[in-house]
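Following are the structures in question.
You will see two complexes here that share chain A, one where it goes with chain B and one where it goes with chain C.
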Partner chain A sequence: MADDKLLVVDNLTMYFHTRDGVVKAVDGVSYELNSGETLGVVGESGSGKSVTALTIMRLIPMPPGRVEGGDVLFRGESLLKMSDNEIRKIRGNRIAMVFQDPMTSLNPVYRIGRQIAEPLILHKGMSKRDAWARAVELLDLVGIPHPESRVKDYPHQFSGGMRQRVMIAMALANDPDILIADEPTTALDVTIQAQILELMEELQKRIGSAIILITHDLGVVADMADNVLVMYAGRPVEYGSVDQLFYRPLHPYTWGLMDSLPEYDVDEKSKLCPIKGQPPSLINVPSGCSFHPRCPFAQPVCSTDVPEYRIIEGGHGAACHFAGDPGFTRAEASPVPVPAAEEVAW
Partner chain B sequence: MPIDDKTLVESAREDDSAPIGHHLETGGTPLDQVAAESGEGSRTLWSDALRRLLRNKLAVIAMAYLVLVTLLAITAPLWTKQLFGDPMYADTTKIMQTRFLPPSLAHPMGTDDLGLDTFARVVYGARISLMVGLLATAISVIIGIVLGAVSGFYGGITDSVVMRLTDVFLAFPYILLAILLISLMGMGLGPVLVAIGILGWTTIARVFRSSILSVKQNDYVEAARAMGASDLRIMVRHILPNALAPIIVYATMSIGGVILTEAALSFLGLGVQPPTPSWGGMLNEAQSYVVTQPALFIWPGIAIIMTVLAFVLLGDGLRDALDVKVSE
Partner chain C sequence: MSEILLDVKDLVKHFPVQQGVLASRLGKKCRAVDGVSFSVRRGETLGLVGESGSGKSTAGRAIMRLIEPTSGSVTFEGIDVLKLRGKSLKDFRRNVQVIFQDPYASLNPRMTIGEIVTEPLKIHRIGTRSEQIKQAKELLEITGLNPEHINRYPHEFSGGQRQRIGIARALALRPKLIVADEPVSALDVSIQAQVLNLLGKLQDEFDLTYLFIAHDLSVVQHISDEIAVMYLGRIVEIADWNMLYKEPYHPYTQSLLSAVPIPDPKLQRTRERILLVGDPPSPIDPPTGCRFHTRCPIAQFPICADVEPELREVAPGHTAACHFAKPFPILIKDPEDAGE
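Coming up: the complex of A and B.
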């Protein structure tokens, strides 16, 4: 049955071997993606969201990176076992990527049209002339006015939001099966963010691509995603459909992320509750549950045993010793009083 | 894959061989123009750079001056003898009548101690200076680009070895090393050219290496990799064009520096040997008449200053013209 799945990430583990030690950047990440679906990957900076995506695309330089275990199956074929030539035929063709910063992701010395034409020439073997004509159509598709004249412009003549549209046009040039968007709106201002996300949704409907949306914005995820993966310190901590995750979040880290979001309809006296402390260094991941030093509900077992990822209900699971226990919900759970000494430490 | 409207996304995909022209009929983009524009992208980059360069007055003046000097230098053997007399062989019988003449129509810059026309000698000096400047810089650039590219692309031990070699070369005083090399090879034009050429690559290698290192970090290189481009394509198409601009600028400016070095070596008597005129050699010959006949060192001096300045100004203009971001 695995062959029917568009993308299966199975227990993917990738460490960086650096001079300072082993950085456990991706530690046992699993998920599945079907055509037309959108997966949101959420977590703080340094939680391994982007690195997971780059590992799937084989864009991590090895060394220092090394895949320690697990596999990535694209239509039943292992991306990790492919030769460099084979993976190159996938990149930009079947799986395309949109990067975070549109200001630096376009080559300043080439005209926009040429850059959009590049994936077409590379993968479709189109002539320059055909590819250029197609670039005009693609620019039109991503909503850039006067595409016939704008293709001749250089990147510096475009605003940030327009450049991200260009990046999306490049990524979608070959109608990829999967579009990996790595914080596509983080570098843009809020009004443009909404436009870009709308554009991605619209094009997804048109082309039928699956999207992996990497973000730290829960609002964006609630809007766009079908399923959500929450990552912490390189590990998956919770996975489920958007409804499951937002209505019945299982993991205290997910609760923390939600509590730290401002809500517009609360009265002005209620405070934001940030998650205390810093994300851990991935060289020195805390023992047991990597979240336990920051978890207000941590018990002794949390610092000794690594919690297994368990499915609690209908595909919705979490890596927490207490996930699914009666009374252990975002609304009802009561924090464990922390001994003073430990509080100083954090 | 459900497609509800006729986005050209699908039509192009299903039939690659279909003439793309019919898609464009509505758009109204003239196909000829499309074809012209989709030609070699780098050529259009250079034409844009040229356009920007031509807007820079100082650079245009410098270029006009250099073109004029180059034309004069190349054509010198055709007209100097007829108009101003032989610039290399003096008629010793009439020397007392022809030496140290003030500027006149027959001798625009006057004559020197042997009665030779100074203007003709300055023009002949330009032949030497420009040739050494261009050829020695070309040697330096070729060595520097190869070593810099190897260093920047591969990094690691290769990088360390090349860069330490550069350090060793930089640690020696440039002129002294040049003199040493020339004395090993014998004096004259060839040895000067080679000595300057093989000593000048160090800075170019460093500039090119750092340029490549910084370009390599750019997101668009990663984006190109994510697009499925091969290593070679990434190097040639994405890294090199972005790393080349500093080299073009630096090489142009260093032609001026090379001309100065050649003049210094000729002044010391190590360069082109008399009677062939060179600017440094003319300065050397003028030493004895500094007080009585200042014109003899002023004219080659002005030629050196103007030419060096022209190359520096041109390099400056190129830097602005090649930086896509500063432009519009």
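Coming up: the complex of A and C.
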């Protein structure tokens, strides 16, 4: 049965071994991804959301990185055990990636057409002429006007939004099964972001790919995702369908993220309720629940025992000792009183 | 309502375009800010929003005379800022301080944070050395940093903490106006909320007036009393913070607001998104007539391509520059209501 699953990430653990110490960048991440599904991965910078994707793609240099445990199964085959040659057949072909910064991820000295044609020649064995013609088609597909002439242009002749369209065209060149989009719209203006998100949805419908959408923007997740994984300090803290996560969030960190956002459409302005402190260093992850120093609900057990990830209802789970307890909800839970002296720092 | 602290009229900043041998002789210029007028009342916050290239940062810098405006007038407490020279300009700068976007680039890595925060005091020769240090420690305390860290260097701090250092530096001279140019854009949401709360607290404590420049509409809405929307060097709409979100009149504001994804999946599914086609045109050669007409979903020809619309009052305290301005609610709270 496992073979039916498009992608299974099972307790993936990857540490960087640096001179300063061991960086626990990915610490036991598990999820499943089905065809046509969009998984949103959210978390702040340094939460390990990008590194997890790069580990799956085998794009982390080893060393300093080292997979400490767990596995990644793509259609039942382990991506981590594949030889370099085998993974190259999958990367950019069955699993493609779109990066955040469209300026640095395109090669400035090659024409756009050549860069789009490259995966076609490599993976599909197309002739140069065919690949070039297909590049024009792809540019047209992602909505770039005058594709016949633009295909001969260099990246600097494109605007940020157009470059991101080119990146998507490249990623989709071989109709991948999985598209990993790492903050694909973060560098773009909102009106351009709306265009790119719309384009990704449209192409997903056409090709049927699954999308892993890595972002820090809960709005983008609400808009695009079917399921959401929330990460904190390299660990998954909550997973659920987009509705479960937004309307019945279980983990205090998820509550904190939501409370940090200014509310729309209000008549009275209320103070924001930020999460106190800052994300921990991954070299020196706090004991027990890694969120406990910032958690307003932390109890003594939180600093000693690492909470297990538990499913609370219908596939919706969280890694918190108190998740799902009666009364422990975003609206009802009452914070543990903080000594006044400690609060001053934030 | 309090008095007007800063009054900007027809502010223009054109940059010469240096590309090409003949370009400058042909008189080609980048019209970064092209006739912008607004005013900010004492103790209030004006939010200036727009996408990249709309000229919002250039406008902010021209007001502080970090760059010299091409024409227009800027009046601060009744004084014509553009005529100031020498000592009087220095006095003006004491009253107007800036917070920059990038907390990594805006702090000198070779100076301790004590040196960074006391530098404005040194430049303006305020207090003795020990008074300056005492002052710096107080400022660090106020902005939520540990005063004992005064001898540390910027690299020892996180992004959010560095932004607090930048805020402490801006506060050192007890300015009346702070121009905050995308002060939270580089920060994670939880840290962003901390800094926004800090800015709000400081406004009350020090009776500050903010010109808050940002591209993130939800952030601007949270902090502003009044919001001005810029497009290609022009202001297209100004309104009170709650009016702008409830009933935007300009089609650009409407599409901008509708493009912001809201963290509410059900609402997001029912909401209609006004998609703009294409990229914003270049400010070197802005479209004739209304600058938005090339992307506008409701443009009518020939008027929109020929006649530049003036900012006019469309509702009390609400102005928009559009020939066909009409209200269009973008944010509907209740998904049940959205169906009709």
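Keep this in mind: the second predicted complex is superposed on the first by the 337 of 346 C-alpha atoms of A that agree within 3 Å, B and C clash if a C-alpha of one lies under 4 Å from a C-alpha of the other, contacts with A are read in each partner's own complex, and residues count from 1 in each chain.
The rule we apply is simple: a contact is a pair of C-beta atoms (placed from the backbone, for glycine too) under 8 Å apart; a residue touches a chain by one contact, two chains touch by 3 or more.
This one's a predicted model, so the numbers in the text were calculated from it and none came from an experiment.
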For this session: Kindly classify A:P262 by the partners it touches after superposition: chain B alone (first), chain C alone (second), both, or neither?
Result: second
For this session: Identify the partner contact of A:Q195: answer first if only chain B is touched, second if only chain C is, both if each is, neither if none is.
Result: second
Exercise. Just chain B (first), just chain C (second), both, or neither: which does A:E137 touch?
Worked result: first
Exercise. First (chain B), second (chain C), both or neither: which does A:R91 touch?
Worked result: first
Exercise. Where does A:D223 make contact in the superposed view: on chain B (first), on chain C (second), on both, or on neither?
Worked result: second
Exercise. Intersection of chain A residues contacting chain B with those contacting chain C?
Worked result: none
For this session: Spell out the residues on chain C that touch chain A in their complex, using ranges where they run on.
Result: 51-52, 144, 146, 158, 160-161, 188-194, 196-197, 200, 215, 217-219, 221-222, 242, 245-246, 255-256, 258-266, 268, 273, 275-276, 278-280, 331, 333
Problem set entry | chain A contact footprint on chain B (complex, rising order) | 1-5, 7-10, 12-13, 16, 20-21, 23-24, 27-29, 34-35, 37-39, 41-42, 44-45, 218-220, 222-230, 233, 238, 241-242, 324-325, 327-328
Seminar exercise, completed: The answer for chain A against chain B in the complex is residues 35, 57, 59, 88-93, 96-97, 99, 101, 104-111, 113-114, 117-119, 122-126, 128-134, 136-138, 140-141, 147-148, 151-152, 154, 156-157, 167, 170, 172, 174-175, 206-208
For this session: Mind listing the chain A positions that touch chain C in their complex?
Result: 44-45, 145, 159-162, 189-195, 197-198, 216-223, 242-243, 246-247, 256-262, 264-267, 269, 271-276, 278-279, 344-346
